[in-house]
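If you scroll down you'll find the structure; I have some questions about it.
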Amino acid sequence: MFYREAGDFHTTYTSDSQTFPIKFDRYRYYVILVIAFLVVPFIINDYWANAILLPFLIYAIAAIGLNILTGYCGQVSLGTGGFMAVGAYACYKLMTAFPDVSMFIHVILAGAITAVVGVLFGLPSLRIKGFYLAVATLAAQFFLLWLFNKVPWFYNYSASGQINAPEREVFGILITGASAPAWATYLFCLIFCFASAIVARNLTRGTVGRKWMAIRDMDIAAEIIGVNPLRAKLSAFAVSSFFVGISGALFFSIYLGAVEVGEAFSIQKSFLVLFMVIVGGLGSIFGSFAGAAFLVLLPVALKVLGVDMLGWPTDIVAHFQLVIVGALIIFFLIVEPHGLAQLWRLAKEKLRLWPFPH
Amino acid sequence: MLDAAKTTDVQAETLLEVNNIEVIYNHVILVLKGVSLNVPRGGITALLGGNGAGKTTTLKAISNLLHSERGEVTKGSIKHRGEIVHELDPAELVRRGVIQVMEGRHCFEHLTVEENLLTGYYTRAEGKAAMMADLEKVYEYFPRLRERRKSQAGYTSGGEQQMVAIGRALMSKPETILLDEPSMGLAPQLVEEIFGIVKDLNEKEGVSFLLAEQNTNVALRFAHYGYILESGRVVMDGPAAELRENPDVKEFYLGMSDEGRKSFRDVRSYRRRKRWLS
Amino acid sequence: MSDQFVFAMEVTLNGLMAGVLYALVALGFVLIYKASGIFNFAQGVMALFAAMTLVGIMNGQVPFSHLINATFGTDLHDFGWHLPALLAILLTVGVMVLLAWGVQRFVFSHLVGQEPIILFMATIGLAYFLEGLADLMWGSEIKTLNVCLFGESGCLPQGINETIDAVTYEWFGYGFFIDNLDITATIVAAVLVAALIAFSQYTKQGRALRAVADDHQAALSVGISLNFIWILVWSLAGFVALVAGIMWGAKSGVQFSLSLIALKALPVLMLGGFTSIPGAIVGGLIIGVGEKLFEFAIGAPFLGGATENWFAYVLALVFLVFRPQGLFGEKIIERV
Amino acid sequence: MLDTSEGYTTADGRKIGGVVMEMKNITLRFGGVKAITDISFDIREGEIRAIIGPNGAGKSSMLNVMSGFYVPQEGEVWFHGKPRPPLKPYEVARQGIARTFQNIALFEGMSVLDNVMTGRLTQMKTGLLAQSIWKGRAEKEETENREIAEKVIDFLEIQAIRKTPVSRLPYGLKKRVELARALAAEPKLLLLDEPMAGMNVEEKEDMSRFILDVNDEFGTTIALIEHDMGVVMDLSDRVVVMDYGKKIGDGTPDEVRNNQEVIDAYLGVEHD
Amino acid sequence: DLTFPDLSYRTGPYAAGGIPFSDGYNDYFTLLNERDGGIGGVKVKVTECETGYNTEKGVECYEATKGDSPMVYQPLSTGITYQLIPKATADGIPMHTMGYGRTSAKNGDVFSNVFNYPANYWDGASGVVNYLLEINDGNINGKKLALLYHNSAYGKEPIRTLEELSKKHGFELVLLPVDHPGQEQKSQWLQIRREKPDYVTMWGWGVMNQVAIQEAANIRYPMENFIGIWWSGAEHDVLPAGAAADGYKAVTFHNVGRDFPVFDDIQTYVIDAGKAAGAGDQVGNVLYNRGMYAAMLAAEAAKTAQEIHGTQDITPEMMRDGMEALEITEEKMAALGMPNFGPSFKVTCGNHGGDGMVGVNQWDAETQTWSLISDFKPTDSEVIGALIAEDSAAFAAENNIESRCK
């Protein structure tokens, strides 16, 4: 009886379809928000910001984006790295072209530009399905990378071919560049992450979300009951790419500060975000966070454990890291194929019944 | 119609024995709450009950297909010829002569009808001639399949797929067939035909059947013995002839009132359902 | 004949050869996909693992030596023997069968009946695991691979084929370059494909394989042992991975990047169809020729080069738009 | 033979109106297989029209033609007195045609409520932006449509499983949820493909009651494929009989029941 | 303790290069600890952190280690370098990117905390051309030089320089990009067969090197006309091709082989004592030597810093000063047991890159050794200097950096 939902009655459909229909959940969620917004900024240091929290928040946004496309709409994509690159380069071009405009606007515009590119590459999805589509999105991945590497306009003709984030401010506070304070960069990413989660949640609980899920679960039936598959799929591509673009922009401008396209947005990145989504749970916003946390934190935790605490050679630890991450992924799948999010749901179901087994 | 009393009199050898099993899905959903039943050699045993009563679950528990549904038998035992079998590989059970025809057909979509049938021969090693002979036999039972033998099973109609599923099971020359809703989606004539085949196999070749059916009417006509399942429990069992005469069974499963068959038009009013147990 | 035309011919021939090498990798994917509907992300890593194991066994390396040395302070390196290639290959095949058994026993037997994406995910976990394991076992340095099957003279030949060079010089006044290793690879691939086609078309295991791919539960219900079928195909895929590993490793040495050859196989798969063995070969040839010709005719002169990676995918994409299941793939059944 | 040219009155006294949909000389082929050969019949406003026939006769294919999923090689579908141009299935759905499927086609990853709500999709119009903000227009629309969905859920007595993922439901309940999804669309024409397969008598009675009530209360026209002759004979006003893709009978249940060709091809001898 | 972080990569696609470098770097510091009791009597602590050549892990490593007063960072990856330039500068920690990284960081006036002595990529490109001039009696007019490069920022580095030089010396330049990872280079080598360049130079990394050398052998391109940059010139690049790689050349900014007294010390104090960082089998290898050389330069800079500031416990800021005042002479090298191991040079406020002296190595497949066939010679400072001034000025303008050297 640790987890209770009894006693929560909803008298209106509005209250029933809110984000956290169960009071207990709602409070826990408020507590997390308060900590994230009001406590963490005061105790954060460079290491936590740059090594853990920023990547976590940024990957969470990307994972939410991909989850919309793959988890909700069922279109497996391996082009995430390429779309993040679009976000990053769009942001870079905007930052350098309009130095006085607020970063908020740049990042959102970068997302919008990525959305357009995403729709373009989403067009084949009308005919190509499943793993075929996944492989087809690789065409986007490789082509975009090639483009950003090849055309000097994208990197402002810099000799090195890298793009560097110049120092930019939001409300007079520096948030890009090396001297940006940790709390500011963290808050900036947190706001985007929070907004993304809210928007994603709103979209997925309403009509659009149901259209996506219908397409995912059975596209033919969806079409017969009145879903226009092209529009549903393209809207998923657009929304997904929008989030992925934002995460790419933040990844470049706030987190890394300098980026070389082939390295930062390689196919490995596409896979990484996909792993996050699947490990976390397809079709779950919470899962996107869980997956991002899992894949950002676990390697760091294993490194700290192996190198700093046990004093093993770094290479052995790195190899073990691979073995353990791999084994854990498999282990989780066997325990619960639908990801960490489902594991959490089942745990809740059990807690609700506790101490009675059924 | 069969004389049910004949087979129940003789104490036939028990092929399958299910002892008080409990099944849980996903570690949390309790579906079977103690089901026991026997399948005697040479008998047709019917498992009846409404939607979600647990018929399919019982059959899957017997044929060891629960694992792939994330279900498990947590209590009780299942014995085949006295041996505990619920740790066996499903394939091993087929080799021992127990085969299941799954609910909802489950044909191999991309294989042709004929290839589908041939997969049923997988566990046997009696050579090509025997295979062809058995194939021929199946085609005799289901002439429609012969016509469609070269088309991909995924494109055949619902009824055709049902025939494929049953035919496929026959190809393994089973001793016991667990048949899950064979009549579903079949035209009345074909239902008769399929039950005719069941009866034929039972009488001529001594195949035993455990039959999960919604179509109580037909099932009780052909079965020797029946179990009625309600929300995961056996609420009633007895020789088919007796069950047919039971007034409750008559009302709830056969759709007959005292005045004979009711019209489906006349059931517009709400009515409380009577429960035996639970 | 114009120079450009002769050059184009040479490029085409080399494209075909490259295609065969891609197809070798793609074959492993096809086998597993066909038999289980699993898109095996770990195929590339399996090639790496197989090649590393082969070299390790040939050179008598002590597995896990680095780990053992680090934990026990010992100083182990190798057993000091050199095994003949043929024996080493047999032993490696044994290891791959063992791996197949392990994969089945510890991973996929617990995932029967799950959706494809879940199975795909498991292979990702497997890829991580194997990569780490390979490094732990054999170390991450580059290893030179030199397979000599029949004594010193029977080594894998590399380098330009003199006969073809001479003959084509006679004909066109320009000697064509064909790599001996590629010719060997072509022969090996042809034998492999013929054997695999025979297996899947004419044996009952082959039929069972396809049945399993369609519906795990139904396959179980008719008595097909998933365990057996899957161990079988994973072993076969392991063997194919070993062959691919040898061919690719001969050129670049055995090293981590070997696992990335999977990326070259994906457009091939897409174009040929995930379920077709002949498709892998034909797809490989089309991709090989397509990307090389494009680079030759358009990429290098007009686009600044290095277009092959994306062009292969775009080419496959174009084919898919017209045939969504690939050239030879099984038709996607759409019914209600 | 019942004269239906001007509409008619059924045995239980319901008034049947004009033609809603008319199939004119439909022929449908799949490669070599001829699934439907030159079939014509009409469906009238407010009636319950059954299609019966042996397995593989082409009934489901006919339903697929009606719902725009298959495009016949020959023949036309007339809808509301006009020939219907070849439309995409989702466009057909928007004209007020809803259906259920023979092999259940629910969205397995969603809850029952969400599934029923998908039936309302054609009626929900707010854009992406409004929905991403949620408060305001989107929320209002959601609530309004939710009310309708809940009504359907109440009507079909599936309140208890509203929040359950459909993948966990037993077969019979799934069929009912599918019906709920179709009803939620408030269709003018409802196509049901074997709605009662896999049900026992009691559940069939429930289902029959729902179908009759829908027809009665909302005046929905219903086309129904079913193998249970008891149900067909009791519920339907007129019956089309198909065999091997051809029409072999068309008329009231009684007419059909006594048609020798139908008896030979389909009904066989009666048992009860 | 003096902490020297070592951002190594012993896993991933470039592990083969990362392992020997890191071994050399570690072993030299171990030697100092064991033999001399550290630097100026203060023990040295090397904290290794695995980056896997991945930028994000590089950032994590940087953040994890920057708190323990690290003397100098060697990011060992151009990507990570770009990442860290602003960060390290803001944190006041010096960076040393030897033969990689941002070339224009040579301009210490703009890049206060970044050092790339003794040579950089553009020196490398110029060194290649110089060598061609040398073997062609000073005239390469009309010759054709093909650049086979990794299609990334790194690989594209030499293009500008080579273009300038081709204008100056009148040779023709053919550009041949290879996409990552470079397993498949048929197109490029067929093109080389058609174009028949007199020389091929390569900016490769990872598997691309091994494949290129093998393909060159396959088309029977004369190996002695094939010259790699120093990141394409280690043992593991040539070994897979076996005997066919004989004669392959690579430019270098330090010496090769284990024929230096310092290696005897390393053998006795480190390897025989069981304190080697790796398996101890890499001593004398090109990249091992490079790692050791990097450690030596760092240690010397630390000594200089200790002298300047008169304290043994130096801070990163002091270390920076030491690096800026570093002077390497023949005598110093000889005293360290490394006579003629590298060029002598002097770092100044305006010049953080040394004199860019480049030599040429050649591979002998028979004995499996590299040997220096052309001594360290100056590169074309005229061309390079202009390019550096241009690029660093752009960076300074972008980031509002003011001139700090008088």
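Each chain gets a letter, A, B, C, D and E, in the order it is written, and its residues are counted from 1.
Please note the rule applied: a contact is a pair of C-beta atoms (placed from the backbone, for glycine too) under 8 Å apart; a residue touches a chain by one contact, two chains touch by 3 or more.
Computed from a predicted structure; not experimentally measured.
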Which other chains touch subunit B while also touching subunit E?
-> A, C
By label, the chains that touch subunit A as well as subunit E are C
Furthest chain, CA centroid comparison against subunit D | E
Have a look at B-C versus A-C and report the one with more C-beta pairs in contact.
-> A-C
Looking at Cα centroids only, farthest away from subunit A lies chain B
Cα centroid separation, subunit C vs subunit E, in Å, comes to 35
State, to the nearest whole Å, the distance from the C-alpha centre of subunit A to the C-alpha centre of subunit B.
-> 48
Take the average of all CA coordinates in subunit A, do the same for subunit D, and state the distance between these two points in whole angstrom.
-> 42
Between subunit B and subunit D, centroid-to-centroid distance (C-alpha), Å | 29
Could you list which residues of subunit D touch at least two other chains?
-> 69, 101-103, 105
Subunit C: positions in contact with at least two other chains | 66, 135, 140, 304, 306, 309, 335-336
Touching two or more other chains - residues of subunit B | 155
Interface with subunit A, subunit D side, in the complex: residues 67-69, 88-90, 92-94, 98-99, 101, 105-110, 114, 117-119, 121-122, 124, 126, 128, 131-134, 138-139, 141-143, 146-147, 150, 181-182, 185
Mind listing the subunit C positions that touch subunit E in their complex?
-> 7, 10-11, 14-15, 17-18, 21, 66, 69, 73, 77, 135, 140-142, 144-146, 158-160, 177, 179, 248, 251-253, 255-258, 260-261, 264, 291-292, 295-296, 299-300, 304-306, 308-309
Contact residues on subunit B for subunit D in the complex?
-> 25, 29, 48-53, 56, 103-104, 144, 148, 151, 155-160, 162-163, 181, 184-192, 214-217, 252-255, 261-265, 267-268, 273
In the complex with subunit B, residue positions of subunit D that touch it = 12, 30, 33, 53-57, 60, 102-103, 168-173, 194, 197-206, 208-209, 212-213, 227-231, 234-235, 266-268, 271-272
Would you pull the subunit A residues touching subunit E in the complex into a rising list?
-> 46-47, 50-52, 55, 146, 149, 158-162, 164, 166-167, 177-179, 255-260, 262-264, 266, 299-300, 303, 307, 313-315, 317-319, 322
